[in-house]
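Which chain is which? They are A, B and C, in the order written, and residues in each are numbered from 1.
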Amino acid sequence: MIDFTGKMNISVKDCNLYYGDFHALKNINIEIPEKQVTALIGPSGCGKSTFLKILNRMNDLVEDCKITGSFKIGNIDIFDKETDINALRKNVGMVFQKPNPFPMSIYDNIAFAPRTFGIKKRSELDEIVENSLRRASIWDEVKDRLKKSALGMSGGQQQRLCIARSLAANPKILLMDEPTSALDPISTGKIEELMEELKKDLTIVIVTHNMQQATRIADNTAFFLLGELIEYGATDDIFSSPGDERTERYITGRFG
Amino acid sequence: MRKLYSALKIICLVALGITLICLVAVIAYVLIKGTGKLSFDLLFGDYKSSPSILPAFVGMLELVAIASLIAVPIGVASAIFLVEYTNNKGKLVRIIQVATETLAGIPSIVYGLFGYLIFVVAFGWGYSIIGGGITLAIMILPTIVRSTQESLLSVQGGLREGSYALGASKVRTIFKIVLPSASGGIVTAIILAIGRVVSESAVLILTIGMVVNKVPQNLLSPGTSLALDIYYFASNGYRDEAAATSVVLLVFVIFLNLLASGIGKLIKKSTGEEK
Amino acid sequence: MKSSTFINLKEKGMRFVFLFCAIFSILALATITVFLFISGTPFIAKTGFFEFVFVMKWAPLADEIAYGIFPMIVTTLYVTALSVIIGVGIGLLTAIALYKFCPKKLVNPIRQMINLLAGIPSVIFGLFGMTVIVPFVRDYISPNGVGYGIFSASLVLGIMILPTIVSVSLDSLNSVPSSYYEGALALGATKEQATFKILVPSAKSGILAGVVLAIGRAIGETMAVIMVIGGSPEMPNSLFQSVRTLTANIAMGAMELRGDALSALIATGVVLFVFTLLLNISFSLLKREKNDKIKKKESKK
């Protein structure tokens, strides 16, 4: 059994990823500190989402995907044979670009992860569901219709439901893949507030297209371009005095 | 030239008329000729002295039960393998695909012949309901596989990802997320397959024996089904009874068709796919 | 929390179950093929392939026993060809009418009705043929007062395959990009010209696949045929004469015959099976060609 109770900083060394012949990530080295928000920015196709998906091994589902390098969360080697992939994914939650609530009730959506890991008692589940929804600050909106289908909610609510669903697994790290790109500004604002709250207990890594969002929420920012990590540092530094010309061109909107 | 094409348009509309008239005529004929001949005796009467379709009811239900109990789990499971485990690609998938397509193209009488050779002769069961049921199961298998494959493919990839990302295993993802999401299409396919079992007769002539005047005692007994009764009545001079039985069969088939589309929609609604 | 080894074991076990079920289709096909060939080919070998396929006489119960299925093959080909001509002719025109010339409001209800009709059991078509078409043909069309035979059978089968042809053709018409049609209109073609010169040719391979499907159904149909074709194992000299198709031969004979005669029936089944295999192969070739075309189109984009 792997132990996710220690320090949850992410350490990646010499990461290379190939889709068939395509070299999608090139020599990425990055240290992501725990209990902070780290944003990955860069133009479409730069590899930031691909990189994110390494951290909970979602790329395992992709055919012809080859990954080399060393990947550690705390003391845990992500790709070690002893590392149980399902336990890894339980502890490294993920929120997707498009809200993907399951076609079942709100309650069952949230209870899915705890049930996966063997919790059957109604009272326990009730508690987890309420807690998770509260943490995702959506409890007040849905507490009266927990038995209704999750598909009847608005897009912004669905996304917060998906966040709550991840939280119900009690993860230590939350990966967010452009979680607000499909949402309106008000819902986006709610989710950003939420992240501020969540980083007290969680390490958050977020991929975003929106540079204002990165400056608003991220403690650290990494800039990706064409599969390479160009620059990585404290968000304030990256945006006020970028060290690389390409970073500057990107954040000032000259390409991407 | 313009005249020629306008004429073609008229010909098309005439063809549409002919199609509708022909098909409506078949149904109308059966209903008009048969409905009046429906009687208590025919439906539930003593089948020993006068023609009755009671044995056929029993036989048909047993056939439906056997065929779907065998074909549904195997068909759904093989579609799951093809879609969820192999991404619908690769050599094995191609071979399985070709095998199901070939099975789908085999004439029912050849299935009957096969059922006869294996169950009646080789296994020594003689004519039996169970032999007919198993043969029918093989016959409807390709349809179930193909429709289930389509339903599974239409499940959004995001749902699977979402489930995996929560730490759910593949099997749990399949049973808790993918299958429920695809259930509308799968149930529709199953009902349509049952429709084929109910309609089939050529297979049964050679496998269950067309014993019209006995209710099957057990699954190894010979028997009959509604469709087979129609053939029996028609070719033995009981044309009125044949028409009346056709009414019953037709009602069954139309009911199954409506049920299929109705249930499909209902499940889609309950899982929220349609708002 | 469940142990991960247990979950892994379950995962592997279920994968095996799914795999086994998937292979079941292959096993079933193999069993059918092997059983038919093992029981059928020795007889064909004993009688001689040419004797069996080309001898004109089928008389298993006569003093001078003969097992030649040539008359049945000829009848099958006749019935198939005629019914496909009837079914495809009317069905294709119907599909075109539904696609372009029919009020839009009516299209869906008609389509649903036609789909429903595709589900009518063939034995009911047989009954209709036996009690309506055969007497009608006998009294008004037949020159010799015989209603049974190839003519009636083709008529019944033609009607029976109509729904299939209509829906397949309509599907392939619907899959033609509407820009083709609009482009033709923009070049000054009338609605009718655009339909017949552009749409129908573009949907050709799909329609052809539908025709092959219909041929398969016509060759394989048993019940609707045996109720209207008469059943004498004779060489067809006229469209109005009691004859037998391959399927009818199997159905009519199988319940009474034993020994050699049964083997002859199984051999008939083998011939029929080979027929349908060939059809299937051409069908999948057609489909592949269609898919290749689509792929080519897409790659051009």
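The criterion applied here is as follows: a contact is a pair of C-beta atoms (placed from the backbone, for glycine too) under 8 Å apart; a residue touches a chain by one contact, two chains touch by 3 or more.
Every value quoted in this text rests on a predicted model; they were computed, and no experiment measured them.
Colleague: Would you mind checking which chain's mean C-alpha position lies nearest the centre of all protein C-alpha atoms?
Modeller: Central chain is B.
Colleague: Taking each chain's centre as the mean of its C-alpha atoms, give the chain farthest from chain A.
Modeller: Measuring from the centre of chain A, the most distant chain centre belongs to C.
Colleague: Quick one: report the Å distance separating chain A from chain C, using the average Cα coordinate of each chain.
Modeller: 54
Colleague: For chain A and chain B, what's the span in angstrom between their mean Cα positions?
Modeller: Inter-chain centre distance comes to 47 Å.
Colleague: Distance between chain B and chain C based on Cα centroids, please, to the nearest Å.
Modeller: Centre-to-centre distance between chain B and chain C: 17 Å.
Colleague: Could you say which residues in chain B touch two or more other chains, in rising order?
Modeller: Those would be 169.
Colleague: For chain C, give me the residues that contact two or more of the other chains.
Modeller: 7
Colleague: Two-or-more-chain contact residues of chain A, please, as numbers and ranges.
Modeller: Within chain A, the residues that touch at least two other chains are 86-87, 117.
Colleague: Can you tell me which positions in chain B touch chain A when the two form their complex?
Modeller: Per the touch definition, chain B meets chain A at residues 87, 156, 158-169, 172, 176-177, 180-181, 270-273, 275.
Colleague: Applying the document's contact rule, which stretches of chain B touch chain C when the two form their complex?
Modeller: The touching residues are 1-2, 5-6, 8-9, 11-16, 18-20, 22-23, 25-27, 29-30, 33, 73-75, 77-78, 80-82, 84-85, 92, 95-96, 98-103, 105-114, 116-118, 122, 138, 141-142, 145, 169-171, 192, 195, 198-202, 205-206, 210, 227-228, 230-231, 234-235, 239, 242-243, 246, 249-250, 253-254, 256-257.
Colleague: Where on chain A does chain B make contact in their complex?
Modeller: 56, 58, 61, 63, 86-91, 93-94, 96, 98, 100-104, 112-113, 116-117, 149-152, 162, 165-166, 169
Colleague: Going by the contact rule at the top, pick out the chain C residues touching chain B in the complex.
Modeller: Chain C residues touching chain B: 7, 10-11, 14-15, 17-19, 21-26, 28-29, 31-32, 35-36, 39, 89-91, 93-94, 96-98, 101-102, 110, 113-117, 119-128, 130-132, 159, 162-163, 166, 190, 192-193, 196, 216, 219-223, 227, 247, 250-251, 254-255, 265-266, 269, 272-273, 276-277, 279-280, 283-284.
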